[in-house]
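Shared chain: chain A. Partners: chain B in the first complex, chain C in the second.
Take a look at the complex of A and B:
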């Protein structure tokens, strides 16, 4: 088990390095350079070239990638922070530290400072949504799958199908119309600033509801399919022929086996919830990472886009590692291989 | 005293299809009844209706009484109370019937949950039952997961599980399908032993008449949902009265010199009329009397037959004698295999040796039978010859070409033509979207020498495998299993191959169809002169078809000889054990997952061998010894001495 986990962690590191390089290449090839952005559209080409030189942007691609990694690891100072450039960028942590993601040109601040709060907000949103999604989708999926083919199953499956097919933005607008415009029970935006009228908790309700709706149907359907498939297995029949009750059969023999395939899907949802709920955050003006990513992309804030994407990659890799480990824990057949 | 289980006029309908018709039988206390039938005979449905687990579309009529309880009218709770506690059930495929994520001990303890056994005593009871079904170390087995024990052990665990609550009746639905011959024999013996110990009644359901007759007092023969004959086990072989039973016995390998298949096919539920369902295949069919409904008749107290013309059916005459084998010692080799070795990397830098130094000649026009249990490397050998895998070392000469390390992609067309293969399952080897004619036509274009037109060759090929030319325009779905396998054989024959590889090519088919395919293969060999490597785990079947036989164990040929030499005078201890599996408990079951441990340098069979002579068996690889012309064994003990030993131990087997 330990050897397995270690091997997976090494694989994870390799994945991280390769994907970070790809990410770097893609963002570096996007139109416009950092120098052009700093100097503005009216700067002369030789001025741009001069700044490129100072920032090390005229070096070949692998060299630039290495520079970027060195800055990230705290081995090198970020040339943008050089007071001689007069860009007025400074970092309270000094110019060399581990995890230096550079400066956000949009906010004229280190990326770490820009990201801290949105990241916390997104984590809060994702965590609350996950707390609802996991039990709800498992409950619906297991209930439908254990009674596959019955009316209960058909009602639940149909409900899941409808919920899944409503896109996030539509669900957002529908909920806004009902609960904000019509009933005025909930706030229309969620800037996470407590006011007299709306508490922070009340501001979370609608974004969480949209995320839950978008995910539960999908996950529940996958859980249902896996459960229904497990119900037809000969060992479930063995349990029936032993004289166990339906409840005993489902809780002891079906759930553990039926949860093996949906586990990966469930953890992928976690990844999506933290890293990329752009639509939902934009609708509710929720100050999270998704909305920040959208702003950074529109502005062309390379360092910020790179950092957020890198974080999503890291989260994806870690959740997949968790999925693999939980798969091994659930399935004794793959142990020690 | 009333019988334990009484089934009266049971009819079972799935949707609009009649699955079981007017079935009546009884099982007394301590009695065992076997139900045999081919696929579609409704035998499994009978077990399912007794235990009350039927698909939703099923409708049952009639009466099933178990100790006075009406099972068809019982509530769900009543049925649940009976299951496990009073009526045990052993399913087929033990590997799939055990929960893969639960330890065996816990699964066994669950069987006692409905009983009065206190929780603390359950583990002990389970361990005790495990030792009674032949485990030396119940504690260790109970701590394992199902995938950590072998198939035979899994089935013994299932039997222990069914026996634990001490039920009065156990239903066994194909309990040995998917198990090796030696393991199968051990499981059957175990069942018989336990029945004597516990006095449990049995309903044993199988497609295998031999097994059922061995394990049961009485045998019922099902055909298309009709019980056509019920008789004491011995009577079924000695004096079968129904034409179908007679035909079935004639199809069984090992019963007669020549297999006589039953022509035609089992009527589908839509084709079934009110009269005798076997009429369409029966030689004694008489339009008037057979087509109307009629009852079973009882020629004597213990024998019942459902046949309208019972008086006119001649007594069963068995053709005794050994199958005829052709001596082809002088024929030139079609394929010559020298020092063939195949090993796969295993965990821990180890190697799993699938084929180990095989020397073999397949002569032109001979049928060479290759027998061995699963994991013995017989399919690996076929795969390497066919080019789906490559050998680690050694040569396979076809003409002047070595094909041992030539994968099928790199073989020339002429080479492909020479070696062709027929696969086990015809359902999955024919593309369902193309017609039979298209599939054969493509094989002809790919394999046939230029100049022949598929138009004329397709009917030729269909004729060669005894199919009507009209079938060429049909799709595989419209064909029966036997017809599909004939098409698969025709495809392989398109290039007039020098060698035909038949890997378990009849094991997915029913006995009557199987006999017809065997007959066809022999006929094709006679007409086209192609050599056939016939691979199977079914010993009587291999005996029936082969001229020469090679017995493989862990990748090494243990004994090679003509069919009569190997079967009437088995010398190697392994062959002896294989052939005598019916008589005594095979000791090899006690060992754990097979194929893992392997003595370094010694004889591969040493761990299971009953005739080990000393350290030499463990440390030194034996050499091949010649017992007679063309008869060789891989053993340290001289052939004469082996014969003496066999004679000496004979009375012990009783």
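Take a look at the complex of A and C:
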């Protein structure tokens, strides 16, 4: 088990290096270079070239990637923070520290300062949504799977299919129309600033609802499929023949065995949730990382885009690792090869 | 004399058989395919049936924006007819989606066949790269890609291909591994058929069942993606209508004029539901 976990962690590190390199290459493709952005659209080409030279941007790609990594690891100072350039960028943590993600050109601040609050907000949104998604999808999935083939199952499965098909922004529009335009029960935007009319909790309702709707149907369908498959196992027939009630069979045997595949899927849903968070935050003007990523992407703020993408990659990689390990831990039949 | 078959009749019955072959059996798949065909017909007929040009502004309608006899679904803030824009927007969606899905499937099938059939180093390289691409959250990948290479039809197709080809490849690889040990593959190899022939005419046709269901699901996902990109401002440039950007333009108006964003949103939902139901039905038929 330990050897398996270690091997997975090494694999993870290799993946992290390759994917961060790919990320670096793709973002470096963008039309406006960093120097062009600093100097504005009317700068002369030789001015841009001069700044490129100072920032080390004229070096070959692998060299720049190494520079980027060493700035990240705190081995090198970020050339953008050099006071001689007069860019007015400074970092209260000094110019060399571990986890230096550089400066956001959009906010003229270190990326870490820009990210702190949106990260907390998005984590809150994601956590509240997860608290709803997990029990709700398990409940619906188990109910449908334990009664596979009945009318109840068909109704629930169909409902899940419809809910999964609705794109997040369309779900947002539908909910907004009902609860904001028609009933006026909830606020239409969620800037997370308490006003006289709307508390912060009321501003969370619709974003959480959109995220939950977008995810519940999919997870419930997977839980249902696994439950329905487990229901056909010989030990379920044995349990039935020895006189257990259906409730006992489902709670004692089927749920425990049928939950193994969905557990990993639930963990991997975090990855899907990150995408949902971007759309959701854009609909409701929620001050989170997703909206920030979109703004940074449209503005061309490379450091911010790279950092947020790296973060989401890290989250994805860690949940993948946890999913793999939990799958092995939960299912003794899986051989470790 | 008596047994001469009416040639007309036999072609009719042959046509009917062909029709039955392609017309899915599951109710949900039939419903799904009807919804998709409904939108395809509307999109094709858009220039003739849409009451106004998609970007024409009706100044007279600005006094009363809501749905009326002249504008069945109302107009947006610029006085553009929502119904016409939805009909023309269907064209955008139904051009981008098939192209993107076909491209993703082409690439995905090719890499999946190659890695499943050849195995070894080819397989490890393709699978490794696929794993890395799949480790990015999809929407984050889209934002990074589109923000870097710019929003245009071809770039959206490239982004969708890059993001979904690896998972299609994974499915095709699994099917290929299963099928390559079949007798007919060995027979083709023994006859001295080329590798390409074996891959595309022996293995691929026999993997079509699961792939068709996946194709329908991917097309639905591509509809969502195109809409989402439009909504996020990463889609095709304005003013040509597309459903996602129509929602984005009008989403702030919802408290006052909910229909402006609601109708394109519902149009999008119905098309995605069509694809999901088709996928669900095809999977059931397996």
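Assume the second predicted complex is superposed on the first by the 331 of 337 C-alpha atoms of A that agree within 3 Å, B and C clash if a C-alpha of one lies under 4 Å from a C-alpha of the other, contacts with A are read in each partner's own complex, and residues count from 1 in each chain.
In the analysis below, a contact is a pair of C-beta atoms (placed from the backbone, for glycine too) under 8 Å apart; a residue touches a chain by one contact, two chains touch by 3 or more.
All values derive from a computational prediction rather than experimental measurement.
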Contacts of A:252 with chain B and chain C, given as first, second, both or neither: first
First (chain B), second (chain C), both or neither touched by A:46: neither
Which of chain B and chain C A:293 touches, first, second, both or neither: second
Touched partner set for A:27, first chain B, second chain C, both or neither: second
First (chain B), second (chain C), both or neither touched by A:244: first
Residue contacts with chain A in the superposition, chain B compared against chain C: C
Residues of chain A touching chain C in the complex: 15, 18-19, 22-23, 26-27, 29-31, 158, 161-162, 164-170, 172-174, 176-177, 180-182, 188, 271-272, 274-276, 278-279, 282-283, 293-294, 297-298, 300, 305, 308-309, 312-313, 316-317, 320
Chain A residues within the chain B interface of the complex: 149, 233-235, 237-245, 248, 252-253, 256-257, 330-333, 337
Residue ranges of chain B touching chain A (in the complex, touch as defined): 51, 53, 56, 80-85, 88-89, 91, 93, 96-102, 110-111, 113-114, 145, 147, 158, 161, 347
Chain A partner contacts - residues on chain C that touch it in the complex: 28, 128, 131-132, 135-140, 143-150, 220, 224, 227-228, 231-234, 244, 247-248, 251, 254-256, 258, 261-262, 265-266, 268-269, 272-273, 275-277, 280
